[in-house]
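Same chain, two partners: subunit A is paired with subunit B first, then with subunit C.
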Partner chain A sequence: MVNVMAKGITKIYKSRRKEVVALDNVNIDIHSGESFGILGPSGAGKTTFMRIIAGLDIPTQGELYFNDELVATSNKLVVPPEDRNIGMVFQTWALYPNMTAYDNIAFPLRSLRMSKDEERKRINEVSEILGIAHVLNHYPRELSGGQQQRVALARALVKNPSILLLDEPFSNLDARIRDSARALVRRIQNELKITTITVSHDPADIFSIAERAGVIVHGKLVQVDKPSAIYSSPVTVEVARLIGDLVELNGRVEESNNKIYAVVDDFTFPINKVAANNVRLGIRLEDLKISDEVSLGDEWVFVGRARVKVSSYSSGLFRVTVVPPSNDNTEIVVMVDRPFDVGREVNLFVKSGKVLVFP
Partner chain B sequence: MRIQGLLMAIPTIFFSFLLLYLVIWNLYFSFTNWSLLNPHPSFVGFQTYASLLYMEYFSISLSHSILLSVGTVVFGNLLGLLFASLLYFLGNEKMRSIYLSLLIYPLSISMAANSLIWLWLFNIHIGINWLLRLLHLPVPLWLSSPSTEFPSLMVVVIWAYAGLSLIFYLAAFMGVDKSLIEAARIDRANPLRILFRVLLPNSMNGFIVSSALLFLFSFRIFSPPYLLSGGPTNIFLQTSVVYMYYLFTTEYFAQASAVATIITAIATAVVIPYALYGIKRWMKHE
Partner chain C sequence: MSSKPGRVNPTVKAAIHQLVIIIFVVIWLIPIYAMVINGLKSNVAVYTTPVLIPPSSPTIEPFQAVWSSLSRPLLNSLILVLPVAFIATFLGSMAAYFFYMLSNSFSRVSSFVSNFLFSLISLATFIPYQATLIPLTKLIADMGLLNTYWGLAFAFFIFYMPTGALLMSIFITAIPPRIIEAARLDRGSDWRIFYKLVFPLSLPGFISTLIFNIIETWNNFFIPLMLTTTPNMRLIPVTVQSFTGGYATLYNETFAAAFIASMVPLGIFIFLGRYFIRGLIALGTGGKGV
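Right, the complex of A and B next:
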């Protein structure tokens, strides 16, 4: 298996008078056999990074190594894509519409000049694993989205690649089959131990597939860690927003009884010591609660009285928007298991130690 | 909304009816015996058509037209395909536009000018033969020999229209999803394999439209056979359209109309369904 190392990878697109920096000095070491996720908003450069790994784009600066072998350097393709032994699943699957699923999967093998028996054996093997053995005679247009994706995955895997690249692999799937597709990819990655790089804007993909993830914002790699670690301690508010839903507030730092608080209108959020006078707060939806009770135990800290502004519903939970009594515009979204009447006053709690503070 | 649609269609309706009127007018005279000898035409049914069938010139010129069209469709497509593939795999965007302009340049020159240029190039003393002689290669007689006359005409027409085919193939290639090509590259397919297994099978629209237009344009071509032969009476280069013109200038009006009707019928029968099918497919594809 292959480890991928990027050293100072920079990609600049030049048009007439404008220069667009798609990637800015990206350094990363993706271990052999690891499942790595790259998270970022659209247009942040994550797809460019994947294309550079595949050899479809050339870095403007920097060096890219596979197992200490230089494959690309400043404006130069040392090893072309066809010699990198890469399996790639494109966002649109990129299945050849003029070929059956079987011929699609056989396409990479035919470049290898393999015997027909060996070819058939390998295709049967991979389509058995992916559950597409019964649709091999169909054309891509006759397949469902999930089947097309699995054919694309089979085509990427059948040549035993050293690196598997997945570009937004689930964004074109129906929401209800995404999780089973994610589980399948994860299982196969686990079994085959292929170095896998998944690019996505959807944190759900990263959580379900990646052992480690990097976050690219505005062309810069800003954080590399386990997905759960990025979720609980993001370095910037953008990263926090990318990897999960977040309530964002602006607070004034105050100290009383040797404790530090961030004050937002009528609410006081307990925070750790910071140097600034004004801070940006981020709180995960699951770390907020509203209740009629005065106390919810040691884990939950009372923040203040709040008024219910909107009460709606979202995937199994009631989504209640509350505001402080004195300011109707400071909206805080809380997920609860029962609806609350609009206009009612409730107690707002936050899980202790879970308020994220950004300068 | 309906009224707006109707208003928009008025120019189309007007010109369609004008065209239809001329076709029917022509059709009417093909059923008469109007000629220099018959200044007061009368209706004779299919008699004029029947008389054409007995004329050797008619069948010879029609076979020339068909041969020219088939040759142009076959070789025009092959050349267009070759040029389009070369341009497609040319990495440099700037060089691609330069070569493209060069290759489609013949389309922008009037066919009469094209023919005059080739008339000089085919001159056995100064044109292509001057170069061939310098290289000590055999020198064909081009337009000066009955056996090479017609192939020379085909060369001119194919040269002029290969660019048309090129444009449609290149457009079709460009319309093929880029990621298909990238997927094929990652799967170690060489350019030839990408061309024949991925690009071409997904560019059938380009083939259909290119073939239809090549047929249409070469079947109704007039200037090259007329100019290269030095007049409408050269039996070796006479096409149906030239023959029609010859009949008209010698005031066999009914026979000229009959030839025109036959040309229109063949072109309509071959091209219209083909072109419509191709355009429909293309639009559905988008």
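Right, the complex of A and C next:
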């Protein structure tokens, strides 16, 4: 088992006209046997970071260690990718198109020069676990997306890698089978205790696979924590947006009866004390509620009267957009379990202590 | 049938396309046609009938007349050209892969060396080889290889291996780079990555390059002209040229000889032409070529 430590990893791509900073002083310690997620928008540098770990790219500055052994340093590859014992599932899977699934999975084993019996045993074992034993004689082009992904995963796992790298492994899959694929990866990771690093822009991947996650925005690692902790207390509004759906509002800070409020048109949101006069608010969709009742108990705080502007539907819940009566442009999305008629007025509530405040 | 105004009827359009193709094919076929029919004319008929009119009484005498002097050069060309073109193309592909790996390495020195050497090779293939023939002949003579298969093979390698490397490097860069990266992570050695992945995945390109090299080597006139003097070592293009005599030319025999000489490249192109096309298509579709 291997622990991965990055010290001040910086990657700058130079072209004739300009420099692009893909990674900016990334420091991280990924524990041995841990399942780590890297979340970030496209182009933030996540894949570059993963390629540096794999040895397919080198840092412009900084050092990368596997178990305290230096593997890469400024512009220098100390340990080449073939000696890092890394299993990687590429976003495009990168299966060898001219080989059957069996030969694809056997490729890394044949580099190790093991006996044919041992080779067959290990391939059968891994393909049983991944449910691809019946397609081993097929070529990649004859396989479905899910099967191709599992062949790629089998190829990465069969050599008992010290580190498993997954680059957006589920983005090319049908939404239908994504969850079962995530469960599979999580289970295998749990059983084998391989240090696993998953790169994704989809928070669902991070929540389902990662024990801990790092968020990369514009090449900077801005937050490292448990996914649920990042979700509930993101450091910036970008991070909040990346890891889950969010209602964003601009509010004016006011104080009355020794309590601090952020005022947004006709709404008043209770917040903790802040230094600024104007703040950016973020509220998770599940922390908002609309109701005809005047009170919903201590947990929910009344925010103000709201008018239903749009009533729509999304995965098992009704998605209602409400606005304050005085401003039709301040839209707030609320997920509720029943439809509301457009135009009628309702009471808007927020869960107490759940309003995120960003300067 | 209603056709929208301003739009050509599809049938007419298809017919025009076919017509254009037919015109090109006819233009391409005229020399071959002339070669065949004039080779079938008698000594008198070849002077008295226009070149595109077939003979009234065809005869295979000219073919019979030239065969005895063509058989040995034909054999020489076959012995030499097919293995030389194959080896040149194969080594060229390996060189192309080597340059690909070198230019993708992180060492600035090796990518500089790679680019420099590759530019040099490209430059060398663009220099007309006739310009280098005198030093080449001197080199081969000093090595004592004049009038030998080895001398000719060596000279052909010098010119057609870089061509192979140049063409193959275009095909190799069309292979998705992630596949080669995956193979490196799977601890594939350079040789294994080459013969298990790069070579099979660029096979249509390899065949295109091979055909190109066969035809170029087969038709090469200058190199065998300079490096061989004994009749036994003559290659086919030089022999064909010898039919145009200093005082008079037997046109019917020259045509027959030219036809025999062009049968091999023609046959190769006809049988392997679809791979040639497939190789070109592979360039446009991301290099899978399957």
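Note that the second predicted complex is superposed on the first by the 359 of 359 C-alpha atoms of A that agree within 3 Å, B and C clash if a C-alpha of one lies under 4 Å from a C-alpha of the other, contacts with A are read in each partner's own complex, and residues count from 1 in each chain.
The working rule: a residue touches a chain if its C-beta (ideal position, glycine included) is under 8 Å from a C-beta of that chain, and two chains touch if they have at least 3 such contacts.
Here the structure is a predicted model, which is why all the values come from computation and not from measurement.
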Side-by-side fit of subunit B and subunit C on subunit A, or clash: clash
Which superposed partner A:94 touches (first subunit B, second subunit C, both, neither): both
Touched partner set for A:237, first subunit B, second subunit C, both or neither: neither
Contacts of A:253 with subunit B and subunit C, given as first, second, both or neither: neither
Contacts of A:56 with subunit B and subunit C, given as first, second, both or neither: both
First, second, both or neither for A:112, with subunit B first and subunit C second: both
Comparison of subunit B and subunit C by subunit A residues contacted: C
First (subunit B), second (subunit C), both or neither touched by A:77: second
Touching both subunit B and subunit C, residues of subunit A: 54-56, 81-84, 86-88, 90, 92, 94, 96-99, 107-108, 111-112, 155, 159
Parts of subunit C lying in touch with subunit A, wherever the complex brings them together: 106, 176, 178-179, 181-189, 192, 196-197, 200-201, 288, 290
Interfacial residue positions of subunit B with respect to subunit A in the complex: 177, 179-180, 182-190, 193, 197-198, 201-202
Of all residues in subunit A, those that touch subunit C in their complex: 54-58, 75-77, 80-84, 86-88, 90, 92, 94-99, 107-108, 110-112, 141, 155, 159
Sites on subunit A touched by subunit B in the complex: 54-56, 81-84, 86-88, 90-92, 94, 96-99, 107-108, 111-112, 155, 159
